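Here the chain labels run A, B and C in written order, and each chain numbers its own residues starting at 1.
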């Protein structure tokens, strides 16, 4: 999925006619994303090599999104945990309908990646981000608006995202892009650096493959599997 | 104007009897400043050498103001775009009556200078500053108070600024100044560094002299000139 | 006192059964702490060597607390100036009943230590922290909640701190601790560095032993002494 996202973003960047992109959910239910696939983080079902590839590609995509010259909008129609939340944080603007949002890794015995925590700090300040991340909080849209984690609440996020996009595209690109870069370019470069990511993967793997984390994820996946095939698969 | 501002500030710093300064508008109308003179940024009416001098002197003054040992107050009685906004951000305290405030450069195809964006981030957090700067937002005093871009709304900003000044001068200078420096000194040093500013000037000039920026500024200046001589000249 | 605090924290860290700690006041009155002992900062009653020892030990303890793997809660039942405020800022969570809180050093002609100011910036943003520190503001619990300096107001802070602790300890430690470190470890390391602290002590001593500071502290201590022995001794 992250390979496809990165390829799509590269294609949009290469198309001079494209000036903006909206990330929306095609699900019927009010879910934005269920987050990353737990299987990619569950040591017994993956390998260090596979995990490293997953971590590098996903964060390389997120870093490209963070400093994309496009106007980037997240149209969040519902639940937005972990992987969905960080994708939204890499956009310029976030519109939400309902559900809750947050980086809830800690609840599953997984550390919040350091750069994801920094992205949340950038958006809402370090104090709020510290509480949210260390306490695995997922907060409702109304609270997210209050602390600036999202920019707007709207019943029809897709229509509102298009309105915001049209309004923003009236601004000339040249100053907007340079100003965006002054905020985000150096952070995106650090975050997407492949050497750094490979090191982070090795360090995280020690924790993911620890007895404690494996035991907790095993319990979580058993619970999710009980909930039945009709519900979303275990995602983070 | 920036030369005069810098000279005045230097004089105040050399006068041991002076412990504070209030920046107010002498206009009858409710305008704080109309911002910088667009002519200084409009490539066809200036030169790289002239632009570089303008950029160095204005930011050297702003950096001195940022780390001034004086108590510095902005008494903002009305409209406070771009250059006025950054002057206010370099003060210790901002009292506003009415009008709107913001760094609106992007609307004119001009990047917000990186250090001006950082000053806004320091005041209101990076998330809010990102939206404000990339979307060229100017917000009313009531909203500015809510997000901490100003400290107070008051009908008589001059009287209130004097009250705040008198109250603050009851504090001993020694701890206040050292504490102010621990917040601002290193940022002010970077911001006012002349080598850095000369480089920034060269880089910005590429953008200011681009066809796109010149075309947009030409249109803006034509519009402003139509509005008649009675209104403020094109300022940013 | 700081030696005892550091020793206690070291003991808790060495006891594998301990996962959290609550810092509460044993006073009957609604006072959290009266802050540091002014005598430790009053040059005529101490020496540079003694002051340096005080500064190193107190900040080494605070740095250990900041990056403690334990869940750390401040149950603040009342007045929480200076030294009490920074202890609370080094905790994970702050619950307050009444009284006011702030880093009020500037009112006594003493600079707010740079790392204490940074801790406040981390908690509430640089803009708010700048105003609070340079203006020596102590704010009531209601305002502290609004700006995020505390997390909750509660009539029974001890009971509420235990509830929060029990709730938080349901989270697995492994992800929570790693996430906490990604926020706080490097700041704690800088803050607790003994070479840096010895330098800071020498620099601060110049100010503490200046005529101006000694004169102001003399006046403050005379005032406090007049208030009688029944009130708290001069503390900061």
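The rule is short, and it goes like this: contacts are C-beta pairs under 8 Å (C-beta built on N, C-alpha and C of every residue); 3 or more make two chains touch, one makes a residue touch a chain.
Since this is a predicted model, take the numbers as computed values, not measurements.
Novice: Suppose you list every residue number at the chain B-chain C interface; are over half of them used by both chains (same) or under half (different)?
Specialist: Shared-number fraction below one half, so different.
Novice: What angle of turn lays chain A on top of chain C when you fit their CA atoms, given in steps of 5 degrees?
Specialist: Copies differ by a rotation of 120 degrees.
Novice: Just the number, please: Cα centre separation of chain B and chain C in whole Å.
Specialist: Computed from C-alpha means, the inter-chain centre distance equals 35 Å.
Novice: Please set out, as single numbers or ranges, the residues of chain A touching at least two other chains.
Specialist: 125
Novice: In the complex of these two chains, what residues of chain A are touching chain B?
Specialist: Listed in rising order, the residues are 92-93, 122-125, 148, 151, 168, 171-176, 178-180, 182-183.
Novice: Give every residue of chain C touching chain B within the complex, in rising order.
Specialist: The touching residues are 105-112, 114, 117, 121, 125-131, 133-136, 207, 210, 212-213, 216.
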